[in-house]
Every structure is written in C-alpha cells, then in structure tokens.
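Note that subunit A is present in both complexes that follow, paired respectively with subunit B and with subunit C.
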Partner chain A sequence: MFVLVVGGGKVGYYLSKELIESGHEVVLMEKDRGRADQITDEIGSVVVAHDGCEGKYLGEAGCARADIVAAVTGDDEDNLVICQMAKHHFDVRRTIARVNNPKNEALFRHLGVDEIISPTRMILASIEQDIPVHELLHLAALGEGELEIIEAHLQDGSPAIGRAPGDLTMPPGCSLFAVVRDGVATPLLPDMTLRVGDKVIAIGPSDCSASLHEQLIGDNPEAVTPGL
Partner chain B sequence: MKIVIVGAGRVGAVLAEAYDAAGHDVVILDQSTRAFDRLPSEFGGAAVRGDGTDEDTLRRAGAADADVFLALTEGDNRNVMAAQVALENLGLQRVVAKINDPVRAAAYAELGIATICRTTILADAVNAFLGLASLGLPGVIAPTGGHHAGHEGSHGASDAPLAENLNVGAAGREA
Partner chain C sequence: MSELIAPAFRRAVIALAGGPGDARIVRLVAELAKPSHAELAAVHVVEIGWSLPLDADVAGQSDRVQQILDAAEAVTEEMKVPLDAVLLQARDVGAALVDEAMERDADLLVLGLPYRKRFGGDFAIGRTIPYVLKNAPCAVWVVREPKAEGQP
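For the complex of A and B:
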C-alpha cells in the first residue's frame, strides 16, 4: 500500500516509521527543511521537504497514486485542506485527518474527510471513564453530532432506583434502550426494575443531558461533577 | 448589507473601511487586536478579536446573518476553512476566500467557494505593465459546483453580482 503522510511532527514521524517497518511504501511531506533532513537521517529518503498544502507539491509527491493520505500536521485547517485536495483534486480513495479542536470533527466529516482522529476527544473520553463520580458518560456522537449515546451509572440516591423505565419521564426525543447489569447488556424493558450499579444506555439529542441527569442520577450535589 | 471580513490585514482593513464608509454593516475579525490599528479611527463597524475558523466565534460576532463573507487572512488554509464553516455551518450564500495557491484556488471553486488568487492577479498586473502576455489563468474564480447549486457557474461573470450590490465609494449609502 502507498501511504502519503503529511506533517513530520512526532505523529507523522512515528507513523511513517511504523508503516515502513510493516512493509508499506511511504512518502512523508514536511515543509521545514531542517526537520525533513533530520527525519531523512533517521528513516531514510522517504521525505519530501515541501509544504503538503501546496497543490503542486502534493502532485509531485505522488498524491495521485496514493492509496491513503494521512494529514497529521498540528493545524486543523491544514489537515482539512490536505484531505480535500487529496480527495477532490487527486481522487485519493481514503483520507485521514488529525483534528485538534473536537468541534471541527463534524465539519470535517461533512466535508468529505473519510476518517477523523481526534486526540483531544480520545483523551477526554479516557479521563471521563476514569472519574467514578462522573455518572453521565458521553459514549458517542451520532450523525453530525446532534444525537448522542449516553451512559448513566445508577448509584445510591438516584431517583430511578426501584422504579421501572416506563415510569420515568424522558426528555423529548430521548429514549433508554439498554441496561448493562453485572457486565451483561440486555435490552431495557418498560417493566424492569432498575437497581444500584445498573448502567443505563440512552440515546437522545445532545442537549438532553441535564434532564437525563435529573431523572437517572438525581440532584445530589456531591455526585454531580461540574463540566457536563 | 451585512459584510463579515475575516482577517484585518491590508486588504481586509482597506475593504472594511470602504464598506463602512459606503454605509454597510461591517464586522471584521482578527486573532490580533493590533491588526485593528489599520482601521481608521472613524471606523463605525465592529472589530472582533477571535478565530474566524471557529463557528462559535463567528456566531458570536454575528456572522450567521451576513450577506457577504470574505475570508482574507494571510493563510490560504485558514481562509479555506473559514469559508467552508461559513458555507456549511452558517449556511451563507456569498462566500469569498483569498487563496494564493492557484491549484488550491481552482480546486475550491469547484467546491462552492468564490476564490481570489493574488498570485495570478499580481502576475498578470506585472505582465500588463511590461506589455507581456497574460498567464491566462483567472484571478477570480466563481464557484463552479459543490455545495450550493444556486451559485452562478460561469467563469468571469461571477464577480458582477457582488460588485452591483456593494456600491462602494461614491455610490453613496445603501439601506
């Protein structure tokens, strides 16, 4: 496979190195001449010392025959343009962009970038999973971000304990669809009784978390983590 | 008309001053407040410090109901991204981006953005002064496809509707 990597920072460097070790053909574009020379010394002559945002240089680096273009510079706008040029101007089948501002994810997806990697989002998700008191966990965004899958971890003090899902008042457009109990996921039935330790999975508009919180977690101030 | 300009460089500031003097409602954004020193003291529009590629910032600055959106920072890619946020997320119709790389300028015209390429305009101006032939590349390219089918598609004629509405300078104030 021929992979064109744009951006010779840490991500681009290690990515190229790993790809070469797995036997792929790689060209790395890095506009800073000094950095490009340094990478050449370390991993060989796969580096093109030019700006990958510039159409002319993308073409010279072989973009038109790339199977995959990975735009991993530190600037979102550069990564967007690299992927769009690759996709629309050079007909590259698969484009991957690194996105720093999580708010740009939906835009990038909408504008045709095939795969979006957001380190910020990943670290955020990891931090959220590690905080036990953070009972509402945003698992994933659907569509263009207007819907979310949310997990609610039921604890002592939750108004939902001992009640059936059918008795809860859900915010408009929001529904509970599964429960994870003792590590086993089952569909949520309206007459089931909710218990402490249940993880209830909900799907709904992204602005429904406040009211979900009220229904499933309660308003015990100690259990509320600010920031949601 | 409400005109939003991203980037208070020389071009951005000159246009902001002219549109404001012509009676338009002007909002100009830049990441650096020092850039606003280029605006005259009598500038009556809004000068907003912020990132013009950020949707929230643009909305706060009031760009959501702009009639014209001009992306004129010094970075081609910042302009491309600001223009696409304006087209896609704010749903604006008339979006112009300065793109100095001729290849990118042509590519983005195909994606629905009117592009202005200083490189070809300047090169042609130099050649015209020296009496040499033009490069034959368009400096201003109308959007030829992409997101908004409502755009005029033909090359060259595209800048006419903008010019008709802008009434800059002696033409006086517009309601």
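For the complex of A and C:
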C-alpha cells in the first residue's frame, strides 16, 4: 500500500517509520528543510521537503497514486486543505486527518474527510472514564458524528430513581437502551425500575445532552462534577 | 624516487552519471583494478519521482541509458577487465549508490564530479556526493573533471 503522510512532527515521523517497517511504501512531506533532512538521516530517502498544502507538491509526492493520505500536521487548517485536495483533486480513496481542536471535528466530517483522529478528544474521553463522574459521559460518536452514545450514572437525587424508563420524557430522537447494574449489562425494559448506582446507556443526537441531564441526573448541584 | 602504489581494493562500484567524465573514471578504476583482479561494477541510477511507482518501466525503454552502460563496458573490454554494468531505478541517487555498495560489499565507491560553477559563482558539488561521503560504509573517491578551457 502506498501511503502519503503530510507533516513531519512526532506523529508523522513515527507513523512513517512504523509503516515502512510493516513493508508499506511511504512518502513523508515536511516543509521545514532542516527537519526533512533530519528525518531522511533517520529513516531514509522517503521525505519530500515541500509544503503539502500546495497541490503542485502534493502531485510531485505521488498523491495521485496514493491509497491513503494522512494529514498529521499540527495545524487543523492545513490538514483540512490537504485532505480536501487529496480527495477532490487527486481522487484519493481514503483520507485521514489529525484534528487538534475537537470543535473542528464536525467541519472535517462535513467536508468529506474519511477519518478524523482527535488526540484531544481521545485524552478527554480517557480522563472522563477515570473520574467518578456524576455527569453524563459521552462514550462514542456514531455515523457522521450526529449521534452519540451517552452514559448516565444515577445517583441519589436523580429524578429517575424509582421510576420506569417508560415514565421518563426523552428528548426527540433519544432512547435509553441498556443499563449496567452491579457490573452486568442488560437491555433496558420499559417496566424496569431504575435504582441508585445504575448506569443507563442512551443513544441520541449530540444536542440532547441537556434534556438527558434533566431527566436522569437532575438539576441538583451535587450531581454535577465540579471543574469539568 | 619511489613508485606510486595505488591503494588496494577488492571490489569497487563506479557511479555512471552519463556525462563525458564517465569514460575517464572507468578507465582510471579499471587500470587500478587490473593488477589485483579486483571486481568492478558500474552503476547508472535513474531517479524516479514519487508520482510513479519505483518499478515503472522508465529507464528500460530509454536508448540513452543503454548507451551509458555500453560506453562503460566498451572501455573495460578494450582493457580486458571484467565489468558488471547495471541499471538501477531509485528515489534518490545517493541512497541507491550507498545501498549498492553495501549490497556488493564493496570497499570502494567512485564518483565523478563535473566542474560546474553555478551561475558563474560558486562551484556546485550537488547533493549526491555529500550524501555518499556522509553515508557510504566504504572508501569514496570523488574524481573531479578538469576545468574547461577558458574557465577561471
């Protein structure tokens, strides 16, 4: 497989190195000549010392025959431009972009980047999982990012305690589908009574968090994790 | 006066640039190789841009490339010294020469350097020779061609 990596920072460097060791054909674009020379010394003549944001140089680097283009520079703007050109000008089958600011994820998806990798989002999710949160926990995004899987940890004071899921008023497009009780996950049935300590798993539009919070967590200030 | 004795080598790789200096270098190395029956390989590297796969049939269809290899062989045939003339396609000439020297376990790599001044200013050494000097595991000889008539 021929992979074009744009951005010779730590991510691009180690990505290229691993791909080469796996037997793939790799070219790495790095616009800083000094850094490009340094990488060449370390992993060989696979570096094109030009700016990947310029179509001419993307072409010279073999973008038109690349199976995958991975834009992993430190600038979201650059990564978006690179993936756009690769996708629409060079007809590359698969584009992957590093997104540093999670707020840009929706834009990247909207503009047709095939896969986005958000280190910030990943670290954030990891931190959230390790903290005993009373808040809603965003577990994963689905589809093009318009849907999310959300976990609600029911605590004392939750308006859902002692009620059945069918009695709760869910936001439009949102549904509760499972409960984790005593470490065991089971489908959530309409007549089941919710208890303190239950972790309720919901799926719904990404903008339903506020309504879900109101129904499952309540407005009790103690139920809100400070500082997050 | 003591006779000048050439350093011994067992196996040498000669880089063919495709210029008029090739014959001079091949003759020089062949003369030095003849007494000790050292093995000689002449390599011409065609650089392939990233827009093409490395195994694209580029150099094989070129008469010019064949002429470069034939010219080197003609020199050594005349001197009755065996020569293995090969064509390589690579992304970078310097890296290809170093790899070839390593693969053949050569103890000498010889390159020619045309005498060119960039825009009438600095003498231009290019990027292949510095790369080879920095990375080759064996001895490297750089044979600079004479200044042309009228050059300062």
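Here is the rule we go by: the second predicted complex is superposed on the first by the 205 of 228 C-alpha atoms of A that agree within 3 Å, B and C clash if a C-alpha of one lies under 4 Å from a C-alpha of the other, contacts with A are read in each partner's own complex, and residues count from 1 in each chain.
Everything that follows uses one rule, which is that a contact is a pair of C-beta atoms (placed from the backbone, for glycine too) under 8 Å apart; a residue touches a chain by one contact, two chains touch by 3 or more.
These numbers come from a predicted model, not from an experiment.
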Subunit A as common anchor, with subunit B and subunit C clashing or fitting: fit
Subunit B versus subunit C as contact partner of A:Gly44, first or second or both or neither: second
Touching partner for A:His89 - first (subunit B), second (subunit C), both, neither: first
Touching partner for A:Asp67 - first (subunit B), second (subunit C), both, neither: neither
Vertex subunit A; arms to subunit B and subunit C (CA centroids, nearest 10 degrees): 80
Subunit A residues touched - subunit C or subunit B, whichever exceeds: B
Where subunit B and subunit C come nearest after superposition, their Cα distance in Å: 16
Shared subunit A surface residues [contacts with subunit B and with subunit C]: 59
Partner subunit C, residues of subunit A touching it in the complex: 2, 25, 27, 44-46, 48, 59-62, 64-65
Subunit B to subunit A touching residues, read off their complex: 53-56, 75-78, 80-81, 84-85, 88-89, 101-104, 107-108, 110-111
List of subunit A residues in touch with subunit B within their complex: 53-56, 59, 75-78, 80-81, 84-85, 88-89, 101, 103, 107, 110-111
Of all residues in subunit C, those that touch subunit A in their complex: 49-54, 90-92, 94-95
